[in-house]
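Just below sit the structures, each encoded as structure tokens.
In what follows, chain A forms one complex with chain B and a second complex with chain C.
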Partner chain A sequence: MTEYFEISSRLNILQRIIFRHGSISVYSTFGILIAIILLGMLAPILPLQDPIKPNLLSKLSPPSLEHFFGTDHNGMDVFSRTIFAIRTDFTLALSSVVLGVLIGVPLGAISGYLGGWIDSTLTRISEVIQGFPQILFGMAFIAATSNSLWNVVLVVAFYNIPVYSKMVRSIVVPLKEIDYVLAAKVAGNKSPRIIFFHILPNALTPVFAQLPLSCAYAVQMIAGLSFLGLGVPIPMPEWGSMIQAGANYMVFGKWWLSIFPGLALFVSVWLLNMCSRMLQSLWERRE
Partner chain B sequence: MKKLVEIKEAFKSFNLRSGGKKLIALDNVSLSLKKGETLGIVGESGSGKSTLGKALLKLLQIDSGSIFIKGQEVSDLPNIEFRPYREKIQMVFQNPATSFNPMLTVEDVLLDSMQLVIELSKNEKRLRALKLLQDVELGSRFLSLYPHEMSGGQLQRVALARALASNPDIIFLDEPTASLDMSVRGQILTMLNNLQKNRGTTFIIVSHDLRVIRGISDRVVVMYLGQIVEESPVEVLFDRPLHPYTRALISAVDETDSDRLKGEAISAENKPGCKLLGRCQYSKAGCEEEQSLSMVTSNHQVRCWRANNIPQFSKEKLP
Partner chain C sequence: MYWIFFILKRLGALIVSLWIVSLITFVVTRLIGNPIYLILGPRYTEEQFQAAVMRLGLDKPMWQQYYEYLNNLLVGDLGISRYTSLSVTSELFNRAPATMELATFSLLLGIVWAVPAGVVAGKNPQGKFSWFADMISRAGVAMPSFWLSLLLVFIFFAKLQWLPPPLGRIDSSFHDLPSVTGWMTIDTLLAGKLDAFFSALSHLIMPVFALAITTCPSIFQITRARTTEIMSSDYIRSAHAFGLSSKTIQIYVLRNMLAPVLTMITMTYGFLISGTVLVEVVFTWPGLGLYAVKAMNHSDYEPVLGVVLFATSFYLLIYMFADIVNAIIDPRARLSS
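Up next, the complex of A and B:
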């Protein structure tokens, strides 16, 4: 076992992940994920049909050479909509995760380092947030405000804050008693500098490993909210709302409306999870 | 000579999780230090050596008692007001592997520890960092290295350079050689001796290794379960140890084991009498009564009821 650690500590990050998970799964996971993201980024310049242009003459037509994934009940091209939805879902997911990280990480660090009543208060608040069903909160929040992209991002980000603050807190608490932090204190560092310069950089590895997992969760969440009609406004292409719209036609045998965006959602979430698991193994090995 | 540091009746206890018991880490510890002196503190794990150092550096707050640095009472000062004193008192940690931030280079570390030195510009600080590395016998190439690229001995030298960076009056060394190889230990100790000669810094050096203490200290304090049990100049202590605990420590080193103790340290409950009761072969009725440090000679104190009645310490082959 020690030999294993010795070998793996001499490799760079990519080599270490491959060492642990095998090159085929690593390259395919990251490769397909990057391909999906590129596809989403390049969608406007690819020769795709307009994703929001209805065509009442070819409603609900099955997959064909002209429409690879068929058309939906408005005659919009499902293939093009599925591709364009990558942009919507990934952008929303990423911005909500980044927002959650930017607030959650400093909060967790402060809460863990200062301890006392600040820590207990923040921890209790996180528990309340995490104890409340997210879909219910999202429904209430969006019903009370409006059905906009920004509100979807806010709801998902709000639930990411406690995830990151708790994670960072749990790393900071043991670190604040470690010798190099005491040494920084002895050298005359003030608390903010100790937290953000001496402790936080050492607590970020698991945060990076968590990022893809949060993105996967956020994609699911956004699709879920849209499925309930609370997320992305129609007719913007988005997997969740596409699945929802198609669900009504499933019983009539028009399977292509829901199946293709569903597959895209499934593959993306699965790849992001894999990605997170691989990054996590980097962290586990560190200490 | 003026006293640099004075600790008066410092008391510190920690709450134990089980059953509201308290662990007494410092039990009315009093001691004082003169400028340029090296004080050795000996004792087994849990005897309060590190707690004493952390209290001195205000890394933890003592429950009662007072600590004076250069005549100023500091134990009651809030952290902000203690900040100017941080420059004057520094620390070297026991384990070099955990006492360095893995994300910072040696240069970052040294510059960081000079932040209280406001009279120097950034470039002057860089020069000083280089000079410090030379003082601890490391070359300039070490400035750009990360902790994982150095050995334990090299890291401990950098730790010493870091402690010296703000030009302190006092350095507290917590087992500075315990996690090093035997061959490196000697080098570090020689270096400490030289640095002290050149700079006149006061050292407080904690160790459970009597050879280290003997080689470097002027005066020695022996601690047992939070109490000072014996205090004297180093030659006197090794020549004529009075407390049975000190004798046990010394005889354990030369392997004669003539003064071996029974069992293990009993948890530090707050009983007034001798804490060694039950482990000591010389104990008699009366040992359980309350006692204090008593002067044997002008510079030798001991906390033992029977110090003058037990047989002379036989030293055959000391290290």
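Up next, the complex of A and C:
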């Protein structure tokens, strides 16, 4: 019960910080981001046109009142596809980041707490993983396994593991020798209990602050992979593959196919970056 | 003597890292995935399957497979592309200069805008310029490089017709150039053809701009942060108090800023070697990235892995280089290692 209390009180601190120190830019960033996510969640019940219904009579028509963002080479409505793509991209990004956190956080905690050769091996491996070229390694991975959504999630998660394990490790190492942890040890607590209930709650806030940034990278990587035709299957609305579909028409001046999904991608990544930055500075201010 | 030990230690670390790279790629391709399905395609008979297993040596025990894989890597054999039936290693070396040229020019342009802007913004972090440059760098980070490339193609080729179409490195009329370095801008100058040089340069403008905007903001951010930190430090305040000229103080600031900024620059360069892939696709730039993507589209596996290994090794090499340079510039970095 006390552990639960500790964690929830920390979450409350985060909320309180946001509301107390909130400025206009903080409110607008979080507001627009939440609006985008809501738009994605509510897309099926909003009065939008079917995002994957081809209409051969109105192919490549420019933006108009009927089709706000025009139609693509299959006659699908770009506006509705851009909105529906929020679901695809955010779901994939969030699940890969969560997977990365679930593996990376315990790994970093164990690595930092135990030290020794386990620590140095894991640290070296994370350094190497961060040196892997993201898009190319994603290509190699998907080529070796198969072109499925699950594999996209896996490969993006793979990149997130070292991010979180490094961060948690750097928090755990100095805490190892701190009085209350030593006291817990003297009181006879087992290592797993000390790691997960006494040390890890301290990592909660920085991990939360990192989450939006990781999501931003994940969205970019997913879009990049589907721009190359990997990952998301074709009729499914996704920003990267929509940009790809419009790429060849760009040269002929048909801009609306690529510009709008790219703009949506740009704005989302921008907001996620800002969000992370704000959480980080709020956290630092508290420190 | 100290430096020999230092460099040997770094080389040892590099070799361990490269070994881990080989291990990870092996695990991903042979244990998690299986190259055989990619080779055979969706339809195959039992005999074809068995023949492919024998040919690739997938029936041998894992350790033996890994041993052979490592042996091939050590002699620089990355296999043969099934699509072009050329050795992957030689293709990599043929195509690397195109990517290098793109990455180097992008990095240079990035440094030219990011470092001075970072210094100016860092001196007055609350000012208008700082805010403006910060916005540009944030936009650059958030913007997908391939989308920015398409945007540039739309504006400068489709609408304004100022720049050449996104088709390769040079105008197709200059096809008989001798290849000396593989760098179009240098080769054309060596051949003494100025018009070809300008053609190569105009083909570089859009991809280089797209890459410089999207990959170099980290250089700006670190320059700005370091400058602000140094400007508010005690020793700069003392220098002001002693009445040193602003020029001398400027030199102090720049010297203290150099090490982290240089590290960031080298890391950006290491990242650029593979980070060009999406831009290469947009501009049909015949570099490493396009090679891998084309191979992928033909279900050809070895080139993709070859490019991954090449880019990762390059990154790790550059990372080690940054470490050594850092130690030369900044004595404090030597102590911590």
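Just a few scattered comments:
Methods note: the second predicted complex is superposed on the first by the 263 of 287 C-alpha atoms of A that agree within 3 Å, B and C clash if a C-alpha of one lies under 4 Å from a C-alpha of the other, contacts with A are read in each partner's own complex, and residues count from 1 in each chain.
Here is the rule we use: contacts are C-beta pairs under 8 Å (C-beta built on N, C-alpha and C of every residue); 3 or more make two chains touch, one makes a residue touch a chain.
Only a predicted model underlies this, so the values are computations on that prediction, with no experimental measurement involved.
Superposition note: with chain A as the common reference, chain B and chain C can be accommodated side by side. Which of chain B and chain C touches more residues of chain A: that partner is C. When the two structures are aligned on the shared chain, A:Met167 is found in touch with neither chain B nor chain C. In the superposed model, A:Asn202 makes contact with chain B only, not with chain C.
By the touch criterion stated above, A:Val152 is placed in contact with neither chain B nor chain C.
When the two structures are aligned on the shared chain, A:Ile178 is found in touch with chain B, with no touch to chain C. Legend: residue contacts after superposition of the two complexes on their common chain; A:Ala187 is shown touching chain B, with no touch to chain C.
Once both structures are overlaid on their shared chain A, chain B and chain C have a minimum Cα-Cα separation of 9 Å. No residue of chain A is contacted both by chain B in one complex and by chain C in the other. Touching chain A in their complex are the following residues of chain C: 13, 16-17, 20-21, 24-25, 28-29, 32-35, 37-38, 138-139, 141-144, 146-147, 150-151, 153-154, 157-159, 165-166, 270-271, 273-275, 277-278, 281-282, 289, 292-293, 296-297, 301, 304-305, 307-308, 311-312, 315-316, 319. By the touch criterion given at the top, residues 178-180, 182-189, 198, 201-202 of chain A touch chain B in their complex. Within the complex formed with chain C, the chain A residues making contact are 124-125, 127-129, 131-137, 139-141, 143-146, 216, 220, 223-224, 227-230, 240, 243, 246-247, 250-253, 255, 258-259, 262, 265-267, 269-270, 273-274.
On the chain B side of its complex with chain A, the touching residues are 54, 57, 59, 83, 86-87, 89-91, 93-95, 98-103, 112-113, 115-116, 159, 162, 165-166.
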